[in-house]
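Shared between the two complexes below is chain A, which pairs with chain B and chain C, respectively.
Our next item is the complex of A and B:
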């Protein structure tokens, strides 16, 4: 009870601090001899208030204070402590509070760490950031207050959605938010820099760290969500082109493009329009994602509540920000000397530009696939859903030239380049094509497209691999990330091509047998845990290569709320995953059993980690 | 000039997106079973609430007559609100009112009718709610107008005075 009061009032105090900060910024903006120390202290105060508020919500969850509506709706006394804490951000209100916490934290760090930049720029960035922060404060207090009372106080809470009770998902939101919110700093800073006409190489050097930070966290956040979906949802895949996944991929694509543009801007004052637009796009796409999943327009596990009022608030806020940034862009930005048509066709600049257009194409495909159903529904009230085939058909062919460009591009020189060691490049190409043809021929019918796809990925793989040992080649960070990307594409392709699946219905004691695999359903155990009952099935699986495994998938019947989830049992080895999941069949004594062998799953995760490692290396690197 | 045109068109595009999102916010995105207007009524057989008879749909709904099928339950508060309108409709000889008692306890249903009156000519028991699904209903209360074994009108939620006037028009 007391914690709800503390939390609620510190939110209001935080809002006040925001308003005072805006006032001080305006004052300080007129007189820019030095940064007002009050600004720094109020910024810290704001962070402090939000932190207090966030901690009180955590405490309310830990002590199961059901007089708090958020706790009542999302917690239960029998829940393990870990999930009580992670339940704090496993719901709409709490996750918005987390947003706010990261927002205030980042702007404070920004003020603290930004040196060698004009005072005016720092103040203006703070001003834009405070507009966003105040918007979120109002949203939180108005429509989704995490500290609402329930009276009379209920005895017991409603419980956290069981599929969210998972370690990967407990850290997925904070990590993803660090990425999303990091993009808000980039947004504010780009707007400030545009207004002050100081988009330049020195600004690029300064903002690059922030771009890298948010990029690393966004990449890892998406990875965690994907890992969770793989073993928790029991579909045996890692990416479903679900709208919710897409809205996290879109900012990533924009941010990745921005990262490459910033790398150019760091050296030459070109592509400035690209940089500004991408900074705006990354943040608005993150906000747009929040809007789409939170308003209930798209249904998913992330849709915590269908409240049109909330959706309306985010929608108006989002478009206010979009129009503000468009106004600033058109009013202040002068497209100076950077004329992209002047680039020599074979140069690093051109290859970055090519990369940009490819990324924009992928982004539009994902964007159209995600929002087109909404538009169609509104305009003609037809309901359609856009599935994986759409994305695969539109993305896969364009991945081929993209991968080649990725292999060649970094080797080119600035301004003007020519092909050196042609023989080596061509011979690697021939090797890649022949290897991939050899692989595909033995397995698959659709030879042409797969051969070309694999060979393009292999080409990138070999070139980046060789560059690791090439002493002349210094760009270790970029090479790591590109190598990781080639590995990712290769793993996904091999995973798609060589996965096998058996779906059958089995009773206890029965055996499924085909020429390659034998599945024995040995026994069933029941177990009672604190907040769920579980049925554990024991399977013995042997294959023709003589490798035997015992796998025990599980069905969990949660008591609060009453939901059954299937927990897949996955035997992970370096080269392949064995994945088995069972499902209840209504009114029958047999279970539906799905057994999959999925090669290279491990490598998909590892390669994404490697990609973000590339970002980390670049982040830690001192500029030469 | 060219620049202005670009900025105006961009603003226009964003306004359109805003409008579409705004509208889709207003629409419910809950899946609605297809309204079976002008479709034949489903064929079923069911127990009656007040007598122990078992009737088939063809025995209940005759040709050339207007029927009103009302899905209700004693636990449903809006059903209570619409009950007086059903009572007044039951005085109309051209329209026969059939009740469908949805997922209800027999005792409660009977005391509901004792308290508020019984407007129904017959009441079908839909103990587990399957009949209602066959009709394309997704909750209580819901009201269908039937003529010649076809559903000619469907009304979701408690009926009101306007609906009453509409029904009277249809019958005439």
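Our next item is the complex of A and C:
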């Protein structure tokens, strides 16, 4: 009870701090000898209030204070402490509060860490950021207050969706939010720099760190979501081109493009307008994602409650931000025409342009694929599905030249370049093609595009791999990320081509046997936990290579709410995952058993980690 | 360097030899393209729900009857509407869906080429 009051009033105080900050910013902006210390203290105060509010909500969850509507709707006394805490952001209100916390944290760090930049720029960035923060405060207090009362106080809560009762809930949303919200700093900073006409190489050097931070977190956040979707049944595997997955991929694509543009801008003042547009686009796409997911237009586990009012608020807010940024872009931005934008067609600049070109294409595919069905439904009330086949058809062919460009681009010089060691480049190409031809032919998956796609990925793989041992080649960060990307594409392709599965109905004591694999259904155990009962089936699996495993998939019957979930048991090894799931067959003592062997799963995760590691190396590097 | 590259290639070939190609692939290809109507964003292939299991049996039966992939899709489309197919296909509803990204790609290419021509 008391915590709800504390939480609610700290939110209001945080909003007031935001308004005061805007006032001080305007005052300080006129008189800019130094940064007003009041600005720093009020930013800290705002962060402090949001933190208090957030902690109050966590405490309300921990003590199961059901007078709080959010706690009542999403918690239960029998839930383990771990899920009481992580359940704080496993709902709409709490996750928005977390979003707000990260927003205020980032702008505070920005103010502290930004040195050697004009005071005006810092103040203006703060101002734009406060516009966003205040917008979110209003949204939270107006439409999704986490501290609403329920009266009379219920005895028991409604419980957390069992699918969300998973360790990944503790870490996936916060990491993803760090990425999303990091893009808000880039947005505010780009607007401030445009207004002050200081989009320049020194600005690029400064903002690059922020781009990298958000990029690393966004990459890891998507990875965590993907791993979760992989082992959680019912989410269509590690990547299903589901709209909710797409909305996280779109800002990532924009951010990756921006990262590459910043690399050019770091050296030469070209592509300035493009960098501004991308900065705006990245944050807008993050917001768009929130809108699509939270308004209930897209149905998914992220849609906690369908409330049109919330959707409308975000939509209006989004349009206001887009309008503001377009206004600033068109009125303040001057394209530096005189600047020497001349570079030879074969140069690093061109390769980055090509990167941008393809990335924008991929972005448009994902964007159109995600929103087109919604528009079609509204306009002609025809329901269509746009699923994996659409994306594969439009993306895979374009990935081929993209991968070649990724291999060759970084080896080119700025301004003007020519091909060195041609023989080496061509011989690797021939090796790549012959290996992939062998792979595809051997397994008669006679699809031309697979051969070419694997060749191009292998090509990138070999070139980047060799560059690790090449002393002349210094760009370790780039090489790591590109190597990771080639590994990612290869792992996904091989995983896709060589997965195998066995589906059968078995009862306890029975054995399934084909020439390669033997599955023995040994026994069944029952277990009772605090918040669910579980049926554990024990399987003994041996294959022709003489490798034996014991796997124990589980059926869980949760008490609050009453839902049965199926938990896969996965044996992960370096080269392949063994994945087994059971389901009840109605009114029989048989279980439906599904056993899958998925090669290279581990490598998919490792390669994404490697990609973000590349970002981390670049972040830690001093500029040469 | 050469030895290193070669050893990598040999390693790859060895691992690949241990893999098994997918068996009943046509059925899988079809069920991967069908939406499990009672699930939340999952294909019939991935799902183990009763609905999906009966759909799998139905697809098997249709394949045994000698229907082609296309005919099976048409069968399901007539029964459940376009919604059930994950591959939207090209028809009057989806021209824009397929063409717009391609047009954007061409447009982007045109901008890049133009910027080089203008410089000269």
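Everything that follows uses one rule, which is that the second predicted complex is superposed on the first by the 614 of 624 C-alpha atoms of A that agree within 3 Å, B and C clash if a C-alpha of one lies under 4 Å from a C-alpha of the other, contacts with A are read in each partner's own complex, and residues count from 1 in each chain.
Everything that follows uses one rule, which is that a contact is a pair of C-beta atoms (placed from the backbone, for glycine too) under 8 Å apart; a residue touches a chain by one contact, two chains touch by 3 or more.
Owing to the predicted nature of the structure, the values given are computational and were not obtained by experimental measurement.
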item: Simultaneous placement of chain C and chain B on chain A, clash or fit; value: fit
item: Contacts of A:468 with chain B and chain C, given as first, second, both or neither; value: neither
item: First, second, both or neither for A:23, with chain B first and chain C second; value: neither
item: Partner touching more residues of chain A, whether chain B or chain C; value: C
item: A:378 touches, of chain B and chain C: first, second, both or neither?; value: first
item: Touched partner set for A:592, first chain B, second chain C, both or neither; value: second
item: Partner chain in contact with A:414 - chain B first, chain C second, else both or neither; value: neither
item: Chain B versus chain C as contact partner of A:365, first or second or both or neither; value: second
item: Touching partner for A:323 - first (chain B), second (chain C), both, neither; value: first
item: CA minimum distance (chain B, chain C), superposed complexes, angstrom; value: 11
item: Shared chain A contacts, counted only where both chain B and chain C touch the same residue; value: 299
item: Chain C contact footprint on chain A (complex, rising order); value: 233-237, 240, 242-243, 299-301, 341-342, 345, 353-354, 356-357, 360-361, 364-365, 368-369, 372, 376, 380, 382-390, 393-394, 398, 431, 435, 438-439, 442-445, 462, 465-466, 469, 494, 497-500, 516, 545, 566, 575, 581, 583, 586, 592, 594, 597, 599
item: Footprint of chain A on chain B - complex, ascending; value: 3, 7, 10-11, 14, 18, 20-27, 29
item: For the chain A and chain B complex, residues of the former touching the latter; value: 291, 295-297, 299, 306, 308, 311-312, 315, 319, 322-323, 326, 330, 374-375, 377-379
item: Of all residues in chain C, those that touch chain A in their complex; value: 1, 4-5, 8-9, 12-13, 15-16, 18-23, 32-33, 35, 39-43, 46-48, 50, 53, 81-88, 93-94, 96-98, 100-102, 104-105, 108-109, 112, 116, 119
